[in-house]
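Across the two complexes that follow, subunit A remains constant while its partner is subunit B and subsequently subunit C.
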Partner chain A sequence: MNNRLQELTKIFIEVFGDESIVLDYETSSSDIDKWDSLNNMHLIVAIEDFYKIRFELKEIQSLQNVGELCEFVDKYLEG
Partner chain B sequence: MPIVILGFFICQKIKNQSISILWLISSSLFFYGWWNTKYLILIIISVLTNFALGLIIERTRSKVFLILGLLFNIALIGYFKYANFFVDNINLFIGANIHLNKVILPLAISFFTFQQIAYLVDTYRGQAKQYQFLHYCLFVTFFPQLIAGPIVQHKEMMPQFKLGRFYSLRAKNLAIGVSIFAIGLFKKIVIADGISVYATPMFDAAEINVQLTFFEAWFGTLAYSMQLYFDFSGYSDMAIGLAQIFGLKLPVNFFSPYKALNIADFWRRWHITLSRLIREYLWDPISLSLTRLGFKYRLSSVSFFLLATIVPTLFTFFWVGLWHGAGWNFIIFGLLHGSFIVIFNLWTKIKQNYPRVKIIKNRHVVNSIAWIITFVSVLIGWVFFRAESFTGAKNIVLAMFGYNHITLSPYLLGKIGPLEEVLLQKGFKFEGMFGNGVLGNEPFTAIQMILFLLVSCLVLPNCQQIFSKYKPYISTYHEAVFAYPKWFFWRPTIKWIILTVFFFMMALLSLNKESEFLYFQF
Partner chain C sequence: MTVICEVLVPKEDSDEEVFVSDLLFRNRDKVDKNVGILDIETSKAVFELECSEEGFVEYLVKVGDVVEIGQAVALIHDSPSSIKGIVPKKTSVEDKEIDSVKDIKVTKDAQELIEKNNLDVSVFDSSFVRKQDVEDFLNKQSASSLNEPSGKAYVVKVLKRSKIIEIEALSHVQNHGLVSTIFMNFSSRKLEKEDNLFSSSTSSFLPLITSNVANLLKEFPSFNAYFFENEIREYSSVNIGIAIDVDSGLKVITIPETNMLTLEEINNLISEGVYKYLRKELSPKDLSNSTFTITDLSQYGIESFVPLINKNQSSILGISSIDPDLKRFNVSLSFDHRVTEGKQASIFLGRLKELFEETE
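Showing the complex of A and B:
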């Protein structure tokens, strides 16, 4: 699980160009300045691309925090 | 209005929820029919058809029926809202001479059509549960929100209809509801209608090519920005207040939009329920598929930005513009805001690449500059939003940027020393700041009032903040911190009763003047 968080942190840093980003399960879009609806899709697709998975739109829209993001990724990698 | 509340109160005594709901639906339809009985049938057909389609889609998950439903709604709004515009342009461009009788725009058609489109899409995605017919009717027609928003979503309204809270009239809800309503009424009748006398003449003058002065163009536009905000947000407050009287919560539609420090934030604060609708059903799906496309073909950063940011943003804002009305000025308004968003995005990208470069260090200075850029962009957008023709809008924007020279007061002549020479050389003139009289006989009183309102917008808390202890609304904007003194917050005290009565009295005293809700035609 912790591994997943590290991988995601790398993607976040790359997409938002901010080395100082530290993620935990509770991190949400209000904690990261640049994480808004404009950048969200870029982030999501970067994650899809890294794991070679595809989220559903309603999952993306219901996303509350990084913890849920991890769960979605796990769900797709297991299934 | 009091009859509706009284009736609701009686229904509640009977303790039959269906009767209470029926009462509210028929009152809503009554209000709607008051305006135009013919279109009453239209809204009823729209509700019945969409409910039936919803049932079918839920059972079958058939894409065919979803598309049918979308076509039905788009045809409805296409005919009633955009047919004239479309035919006019065809005639203009290919010189045809198609004649179409002027279609009168049905009240609130955008609101009830898009709410139902969202409902059908959610049903197809399996995000809408089986709803009772009466609940559905109330969701669409509920009169406080029907005419000018907020645009409600079924997933936030339907669950409330099941709660007992809704069916009982409570003193607390009544007190809060009436207070919010009074604030909204005051904003609309006293402030918005009051300031409109400084906005309308300027826009009228621009249409007939009057040479507006620099200051007239700026203050006229500023006056309009105040009129529009207080009108529309006042209306939304009234809707929230009314709904609260019946124990229902509506989503917040405005969160001090003129405090925004960037244009993206402005759209998170302005007409929030429209922005989120557009975001969920237009922006998200389009930008998701285009971003995937960009990743798939490993585009370079420039083409990626073009495909994944510029295209979806302009496309989305094109529709935001058209949503507001069938006219080229609205399309320009939309595209203008789309471009602002693109530029803002580009700017954040540039900042990302040079994180260490900071030209100005002082946070307050940076924020002030950011606010000015944002607010001026918004003002220029409003010019196109309000002006009746492109020529009118062009005249105003040119005057704002000093095209007609900047004219100062002749009283300054001989009093400012060597500065006079410099200004004359730069093209300034001393022929009076307000030569056309569009700000009335006492332009400086007008300016004081406009600036007073602007400052109020920037320093005062909004309705959501004032009532934050009771949350009589659904939050739609999350502000990190706000520190206002305690007395800003509403409490059931004598002070707030007096204020509420004051708001009502002021509104009633101004009511005899002719008044019109700006947003009725959308």
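Showing the complex of A and C:
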């Protein structure tokens, strides 16, 4: 598994409190039961804190799946 | 050796006083220009006060003080030597040295014990507090709790200022009003998650309900109003507040002129508000002037609940969790009977249900 995907999986597990979460590039919000508006924002904050970056909310809200999230984080870390 | 500038408490909202919740430096520390030097708390938010000049800080207040708008809370000096020591909250001194908090002197050991037990130094009668005094106080407190008539020991937890303010705000209508609550089930059959990751609309109907309520409040102005000295005051604007309470206490995030916004704009403002809440970046402006409140507890698996009406409002809407088997969720409306009545509340909630189920 790609490192980025592994890191994000750990973050997702922590935010949702669910050890059974397994992410792949196609995972979207509909695949995770506890994904609600509050956890949604908790997740964004947790990802930002982990990578020490700040997203533009509008940009991150347009992402379709975890694959796009991995690319998005890569872009922020490079940039 | 002079004072370069004073740091004053600005008027951020309707509060006349603010609460000093943290000092971010030690007395005589060097501070840069435009850096936050202390946290103050209004009834709506916690925010940092910055100094406008670089220099050495002298605090004029201590944590826990309630200070008036316009009052000076710190001075910025051009030299540390011109600061006559007071309130060195985080001063590291030797054991036998003393820490002076206004008129009360506290030894370092005593200060550590005071902080560890979350005590306010003002509970001590003496103007010089030693470790022994704090231990005596704690023993007395412990013995006192054990001697309660019920015979049950308890731990005393001091309420945060924000909680006290919350209690005051929520007590007002509940204590003085005529509060009633009605309930209605809404269908969630058509509610499906969108195929994207971080849009808050993916799993929440809060933005849609907020939008529907905003449109209805112009039609039902008594729910966008409040009771004041035998008058009903209807607000000219519709500013829906979204109640949120996770780790940082109850806050109501205001969506100004909600009825003028698109669903997408409402969705974005709610997301932004929740984000700022989690980041503790809400300003008083984000939390002021709401005219109606929605509280969404749908994440917590509850069937229904009675929401409490905020001060200077006549009603509040509560959203409960979806029943996955029955494909529905409960919506409750608490209202002040002095401003409106059950029939109107039922019509309002019925209209909301129609709108929601049509547009869902």
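We adopt the following convention: the second predicted complex is superposed on the first by the 78 of 79 C-alpha atoms of A that agree within 3 Å, B and C clash if a C-alpha of one lies under 4 Å from a C-alpha of the other, contacts with A are read in each partner's own complex, and residues count from 1 in each chain.
Operating definition for what follows: a residue touches a chain if its C-beta (ideal position, glycine included) is under 8 Å from a C-beta of that chain, and two chains touch if they have at least 3 such contacts.
The structure displayed is predicted, hence computed values, not measured ones.
A.B. asks: For the combined arrangement obtained by superposing on subunit A, do subunit B and subunit C clash, or do they fit?
C.D. replies: Because the two structures are overlaid on the shared chain, the partners are seen to clash.
A.B. asks: Count the residues of subunit A touched by subunit B and by subunit C, then name the partner with the higher count.
C.D. replies: Comparing touch counts on subunit A for subunit B and subunit C gives C.
A.B. asks: In the superposed arrangement, does A:Lys58 touch subunit B (first), subunit C (second), both or neither?
C.D. replies: A:Lys58: touches subunit B and subunit C.
A.B. asks: On the A-aligned overlay, A:Val45 touches which partner chain: subunit B = first, subunit C = second, or both, or neither?
C.D. replies: A:Val45: touches subunit B and subunit C.
A.B. asks: A:Leu8 contacts which: subunit B (first), subunit C (second), both, neither?
C.D. replies: neither
A.B. asks: Tell me the contact category for A:Glu68 with respect to subunit B and subunit C: first, second, both or neither.
C.D. replies: So A:Glu68 only meets subunit C here.
A.B. asks: If you stack the two complexes on chain A, which partner ends up touching A:Phe16: first (subunit B), second (subunit C), both, or neither?
C.D. replies: The first partner, subunit B, only.
A.B. asks: Where does subunit B run into subunit C after the fit on chain A, at 62-70, 152-160, 188-196 or 332-340?
C.D. replies: The one stretch of subunit B in steric conflict with subunit C is 332-340.
A.B. asks: Residue overlap on subunit A between the subunit B contact set and the subunit C contact set?
C.D. replies: Shared contact residues on subunit A (touching subunit B in one complex, subunit C in the other): 30, 36-38, 41-42, 44-45, 57-58, 60-61.
A.B. asks: Any idea which subunit A residues touch subunit C in the complex?
C.D. replies: 28-30, 35-45, 57-58, 60-66, 68-69
A.B. asks: So in the complex, the part of subunit C that touches subunit A is made up of which residues?
C.D. replies: It comes out as residues 193-204, 206, 244, 246, 268, 270-272, 274-275, 278-279, 296, 298-299.
A.B. asks: Residues of subunit B touching subunit A in their complex?
C.D. replies: Interface residues on subunit B, with respect to subunit A: 125, 127, 264, 279-280, 283-285, 287-288, 291-292, 294-295, 308-309, 313, 341, 345, 348, 352-353, 355, 478, 480.
A.B. asks: Any idea which subunit A residues touch subunit B in the complex?
C.D. replies: Those in contact with subunit B are residues 16-18, 30, 34, 36-38, 41-42, 44-46, 48-49, 57-58, 60-61.
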